[in-house]
Structures are given as structure tokens and as C-alpha cells.
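Notes follow once the structure below has been shown.
Note that the chains are named A, B and C in the order they appear, and that numbering of residues resets to 1 at the start of each chain.
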Amino acid sequence: MSALLVGESVCKYFGGLRAVDDVSFTLGEGEILGLIGPNGAGKTTLFSVAAGSVPATRGRVLLDGKQVSGKSGHRSVHQGICRTHQIVRPFARLSVLDNVLVGHHYGRPGPGHGRPVDHAMGILDFIGLADRAHQLPGELTLAGRKRLEVARALATGPRVLLLDEVVAGLTPVEAQRFVELIRQIRDRGTSIVMIEHVMHAVMGVSDRVMVLDHGRQIAEGTPEQVVKHPQVIEAYLGRDDDEPNDHDEPTHGDGPMGAGDPASGQHAKEKPDA
Amino acid sequence: MGQVLALAISAVLLAGFYASMAYGLGLIYGVLRVVNLAHGGMIMASAYLSWVLFTRFNIDPYLAIPIVMVVFFVVGVAMYKGLVRFLPRGAAGGVQSLLLLFGVWLVIRNIAYLLFTGDDQAVRTSYSTASISIFGNSYSLNRVLVFVISLVAVAVLQLWLSRTYTGKAVRAVTENSGSSTLVGIDVERVYALTFGVGTALAGLAGVLASTLFAFNPSFGSGELLKSFVIIVLGGLGSVVGIAVGALVLSFAEIFAIYVVPSYLTAAVGFVLLVVVLVVRPSGLFGAKVLR
Amino acid sequence: MTTTAQSRRVRLPGWLSMRALIIFVVALVLLYLAPTVLGLGDYLHNIAGLTFMFMAAGLAWNWLGGYVGQISFGHAAMFGTGGFVAARLTISSGLPFWATWLIGGVVAGLYALLWGHPTLRLRGPYFSIATIGVGEATRLVATYWTDFTGGSSGLSLPIGNGPTKFQMYWYGLYLLAAVVVISYWLRRSRIGLGLLAIKEDVEAASDVGVNPTFYQDVVLFLSGTVVGVCGGFYASYQAFIDPLDMFSFERSISFVLIGVIGGIGTILGPAMGAVVYIVIQEFLLASYPQLYLGLYGLLLIFVILFEPLGLSGLLMRVGRRFGIRPSPSAAAGGMSSAAAVPDQPTASVGAGSTDTKDGPR
């Protein structure tokens, strides 16, 4: 598999804090790469660097051999890489359709540009929001807003889609549907990097998984390899300074990450929106 | 060299006043995420109050400070409860409160015009011309007093914020209003209190200004702008930041006399602002202010 | 003219609807003919010309203040710049008056870019306060720069080689017509969507490919240019300008007021706002000039507290009575931020704003 997206020793420091520390990775064409790690591991920061929203301290990210990091966000989008936000950021007073149209008009020029509304409706249809096109984002459920976030990103015509915790905070049923959706997006030809805390989601859909902890890459491989990796187990459960984990600790077979959603507390803030 | 030292001391003295002036604006913004555009108007109004107290009732401006601060505290709380409370707040929600407080400012200015006409006024006490010698240069007594009082005020405020329960609550809300509610802080009360304290600080700045400068009802727009420059330069919520911002501004203004004609020193703050924005788009202290 | 357009089935650009075009052309023709048909008195006729200019300026202010959500308290800087460049050119060169207006406008637009490019990185209140600084600094420089502005004695324009005050009505109308077209285009084309996205969330907009710096700069340039042209118009209209008036804080406020009264962010609201502004200015304040600031301050407070979309908001309420529902996204035209009022989304403009065109007449 030829590498589409390549990270070369990416570092991002906030003052003394090494949010991302010397992380290298590759993403093949048509691949889904899972990105996991405890809270504050630097996952979102890595996305921000890759999407050009924040400059890297050192290192760079290349899309098809051309640098995408260190430019402004919109230029990276035009090159074909688009991110979603962990805490959804719809344009709250634009209709769902208009939200997607923004992505369409300002994204990467590509097919479907003759008929913007048809194209946008096509994406909404695919994502399952077509009947909501004329509502405001605030009228959607959290799952709906997460879909919108993905639809808007898809409308920019990305070659690489960076999904930041799109499943977290959803009910199991919704989560299952979403995982299916992600697979379909990949099948339509978009390569994906997804950050996810919901383990069965990320493990089920990813071709490979990369684990970050305290900004460093501690493991990489197939889902099966990663869950057995001793450092990964330690990162998630092992250290004394970590707060005690959920009650339903990993049982047999499910690997260390069987526990629900380590970030559940943090997501409380994005639920009660309207 | 002697002249540079003299100017530097002037700058430090001025910075003291600037810090007390900017603190109120910064405090309110930090807690409520509302830029109090009426800040300059409050400073102007309090300068007039100080002038009235002095000319009518013979109350020395420095002794009037407690009275004025109490009055403006009440005004601030009333303004919060009567107007600001109804407005949306938040990082991007400022437009409405901005325009509303701008309206308040216009009204205050108009009232001042009606009451006091547009003529320049100044508070001239018996010691207005007295001076003090520092390192062989003499400085007006007023400027030194203003500096000292500003330092005291800022220090008291800092103690209040760090030692008392209410002060800590204010700081907690500055950090995160959402979780403050969770831990049982009455956020509405903190908002009202902060608006009161911030306005009282504008009141203090107004009294101090009345001893230093001549003023008329348009007075205050420059003060608002400077306060703003200071909080952009220095960041919110830390005395050190405000002090640094105030020093940078006062030094820039005072030493600008070497470069630009004196009538343009008022524009120095603005130029400084633009320069900082070009060089460091998010201000000297980064995202703290601009988030 | 409208009939030929219909019969030949001319394809209109996406941002222009046939209905809007017809209303626009009819309004233009009516206003063009109005003075001859109605025979307005000199006073009203001249005031109408001035009103057109204020409408144009208010609309242009609104591109920045309403479409992108960056409230400027410093537009007098461009108004004055445009006015004085035009006046200087009229005095010292043989250029036709409209050329002096245009050059003045472009200079003003460039000046706006000069300070705006760095300051537009600031959002919301920060930008607004910076514009107060711009206004003040410009005013100071202009007042002391006697060689250019004539200082406190101002400049008198030569009489005779410009349009007469009577003709200014029609030039004002042309100016307004052009500005209305730009207003429509800016809002209804794909650019408008990008501007709304920037207004809602700059970073999220950038993350889906909108270049906020570029579009904000463009809008500021356009806005500054038009306000500069208005300054030139004003100079010709008054035949005398002085920096204390042209660059004054009150001048800046007038643009804000026109926008806010009419309905900030709506397409044509500020045009209505300008009418109200002129009425207050000419008929109320002529007798009570000392109440100028306070009256406008109170007006601002009331509008913000009770009808944040100003006259347009009122019209929309009326419209809703009659069952006219604006499109959902139209709400973004309003001023309150999404984050701030999540549960109050449908104070909106949409279809209603096409009709507000009738307001000014």
C-alpha cells in the first residue's frame, strides 16, 4: 500500500508541555487508521497539526508528498485533508444544508461542482440527514450534529478525513450505525484517521491502530497486536498516579480497553447544547 | 542620560495609573466575557463626580475615593442587574452587549454635556502644583500620589481575589463558569459583584484622572482604548500581565516624544496595538485574552 | 426592460432572483422619476439625495458589521479620507467629480486595508475597540495635517465645476443602486455563505476551507471604498468639508446607528435605518442638538434590548403575522452569536428582506 499521508517526527510543544512528541505515522490509500490514547495524550493536537490549524514545533505532515502541516487550515483543506472537531462546531445559525454547502463551495474543487445543492443533498442523503436539511443544527440530536460535522467535512471532497471522537457520547445503537457509516466513507474512496475512545468501535473498523500516551507514540499495529502491547495496557490501567478506572474493568478476551469510555466525564459538556 | 532617567520615572508613575485603569476592564471581561464599552464613560463620570465633590463640598479628591468607589460599585451592580444581565455573553456573543454598553456610554456623555457643558474642567487643589524630587528630578505630588494609590488598589484587589471566599469565587468563574455552577458558586451573584467592582475601579481611575488631567464629557475614549491595549498586551487575570502591559504602553507613549510630535502621542497606543498584532497575532501573552 | 429580460429568458446568476430584480428595477425607475413627478420642494429633494448617500454608507458598514460580524466604530476614518482626497483632487486637478469620488473611495479602501488587515485577526469586541482607536488616531492626524485637510478651517470646494446640489439626488440614487446590488451579491452568492460561516465560527470555517483573512479583507476593502465614495459625495454635496466633522466620532456612530436601527446583518435593513436616522437628524435634532448623543444612545439600548434586528425585525414580526416564514439560515443575518443564544434561532431575515426594499420610499 502506498502511503497517502505521512507524518515525519511531528512535535508540538505548548511552552514546556510536549503535547505531541516525535510522532511518525503513515496512512495508506483506502486505509482506516485508529488513533487511541488516554485523555490529554495529544491526539487532537496531532490532528490540528495535520490539518494545518496549528503549526508544528518540529517535523511535518505530507499528503501525497506535499506538505500540509504548517499552513493555514483552509489551504490544507484545498489540498485534500479535512478534520472534524471533537466538540462539534456546526455553524449554528446556518441550516444543515447550508452548513454542508459551505464545505462544498470552499473545499477542494472536484466533481459535482456544477450543482452545489444536489451534491450537498447527496451527501446529506448518504449521511442520513436529508430530511433534516432545512433545520438548524441546534434542532438535531448530538448524534445528528456529529453526522453533520462529518457531512460538512465530506463535502469538502477530502482525500483524507480526520475524525475526532465522532462515536463517543452516542448510544450503542447510534454508535453502531456510525461505525457502519465510517466504513462506507472509506469504501467510497476516502482514507480515514479516527480518534476514538470507544474501543470496540475503533478496534472493529480500523485496519491499523496507533497509540499515543503523553505525546509519544507507544504502539502501532493491527488492533490485535495493539491490545496485547504491554505499554498500552500500562497506559490505560497500570500506573498508580492515574485515577482508578471504571468498575467494569477488562474481562477476558476483550483486551485492556474493554472498559467503556474513559473520556465519558469530559464529554458531558457537549451534550446539553440547546 | 539624566533626561532618560527622568522620563523613565515618569513612565513608571504613569503606568501605575494605567494599571488601575485597565484592571476594571480586564476583570469584567475575564469573568463575564463582556467588554465594558462604557468603561471610558464611567471614568469620565467619576472624574466629574470628584470635581463636584471638590468644588461644591470641598472634599479633597483623595478623600473622596471611598465615596466615589462605593457610588460606582452600586452603579455597576445596578447596570448589571438592569441591563447586562439580559444579554448573551460568551466568546463570540459580544456584539449585543458591546452595542448596548456603547449606547450607555453615549447616554452618559450626553448627560455630562447637559450638566457640565463641553468645557474643560480640572480639579485644582492647594497642593496641585506641589512637587517631589526623585533622583534629582522633580515630579508633581499628584502623580506620585496617584501612583501610590494605584499600587495599593491593585494590591488590595489581588489580595481580595486570592484570599477571600468571594474573591476565589470570582477567580473560579473566570476559569470556568460552567463547573463553578456545579460546585455551588452563585454565578449570577459573582457576575453582579464583578461588574460592581470593575465599575468601582473605573470610578477610582476617574478620581485619579481628575487630579492629573483636564477633562470634558468626551474624556474617556482614550482611556478605554488604552485599557484595552493594556489587556491585549498583558493578558487577563494576572497583576503581572496588567503591570507589564501598562509599563509597555506608558514607556512607549513617553518615549514617543523623541519620534513623533506631541499631539500624536495619543495615537501611540493604537500603533503599538497594531504592531503587536502584526508581530504576535494573539497578543504578548497569547490565547489567554483572545479566546 | 424587465419584459425583455423575461421574454428572452436571460439566465440570471444564482444570487439574483427574478422577483428581486423586478422590484429593484421598478424601485429605481420610480425613484428616478419621483422628483419630476412629485415636484418635491428643494429642501426635501436635497435631503433625499443625502439620505441615499447615508443609505449607501449604512449598507456598506453593514457588510462588515452585519455580514461578517465585525462591528466598526471607526468608519469615519474612511469617510473622511475619501472626502478629503476627493476634495483635494477637485481643487487641484481637472478630473471630473465622479472620478474624484472613485479615487477617494479607493484610497479610503486601501487605508482601511492598511489598518484592517492586522486588526481583523481580532474578533468581536477586540476588533471593535481597535476601530475606536483607528478613528481617534485618524481624526488626530487629520486635524493637525493642515496641508491636506485645511485643519480646523476646512476646505471649500470650487463652485461651478461639480454637479449642482439639485443633481446630487440622482447621483445619490446611482450610488445607492450600485451599493444595493453589491449588498445582494455579497449576501446571496457563495461568498455570502462563506461570510456567514466566518461570522459563526472563524476556526471551523477555516477548517472547511474558507479563508477568513482573505474574505474579511475583501469585505473591509469594499466597505471602506464605498464609505470613502460617500465621503466624496458628501464633500461635493456640502461644497465645504472640515476634518472635525468628517472624521468625528459622531460620524462613525452614525453608521453604526443606521445599521443597528435598520437591522444589523440584514440585506437592506440599513437603508431603512438611514431614513430614520435622517428624520431624527433633520427634524428632531435640528431643534434639540444637545440631545444628539443621548438620544442615539437610548435608541441603541432599546433596539438591542427589545428588537435586536431593528426595523427589519419588526417587519419580520409583522410578516410572520401574515404567515411569511423566512428560511432557517436567514437567522445568521442577525447579530447575536450562535454560541450565545442557542435557543433563539429564528429571528430572521430571508424572504422578508427582499421586501424591505420598499421601506425607503
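Definition applied: contacts are C-beta pairs under 8 Å (C-beta built on N, C-alpha and C of every residue); 3 or more make two chains touch, one makes a residue touch a chain.
Not measured: the values here are computed from a predicted model.
Colleague: Quick one: which chain's Cα centre is the longest way from subunit C's?
Modeller: Result for the farthest chain: A.
Colleague: Central chain, going by Cα centroids?
Modeller: Closest to the centre of all protein C-alpha atoms: chain C.
Colleague: Between subunit B and subunit C, what is the gap in Å from one C-alpha centre to the other?
Modeller: Computed value for the inter-centroid distance: 33 Å.
Colleague: List the centre-to-centre spacing of subunit A and subunit B in whole Å, with centres computed as mean CA coordinates.
Modeller: 44
Colleague: Residue numbers in subunit A touching 2 or more other chains?
Modeller: none
Colleague: Using the touch rule from the top of the page, what residues of subunit C touch 2 or more other chains?
Modeller: Within subunit C, residues 201, 338-339 contact more than one other chain.
Colleague: Inside the complex, what are the residues of subunit A that reach subunit C?
Modeller: It comes out as residues 51, 53, 72-75, 77-78, 82-83, 85, 89-95, 98, 101-103, 105-108, 116, 134-136, 138, 152-153, 155-156, 273-274.
Colleague: Could you please specify the touching residues of subunit B with respect to subunit C in the complex?
Modeller: Touch list, subunit B to subunit C: 29, 34-35, 37, 83, 86-96, 98-100, 102-111, 113-114, 218, 221-222, 224-225, 228-229, 232, 261, 263-264, 266-267, 269-271, 273-274, 277-278, 281, 289-290.
Colleague: Going by the contact rule set out above, which residues of subunit C touch subunit A in the complex?
Modeller: For subunit C paired with subunit A, touching residues are 190, 193-194, 196-197, 200-201, 203-213, 327-329, 331-332, 334, 338-339, 342-343, 345-346.
Colleague: Mind listing the subunit C positions that touch subunit B in their complex?
Modeller: 69, 71, 73, 115, 118-119, 121-126, 128-130, 132-134, 136-137, 140-141, 144, 201, 249, 253, 256, 260, 264, 290-301, 304-305, 308, 335-341
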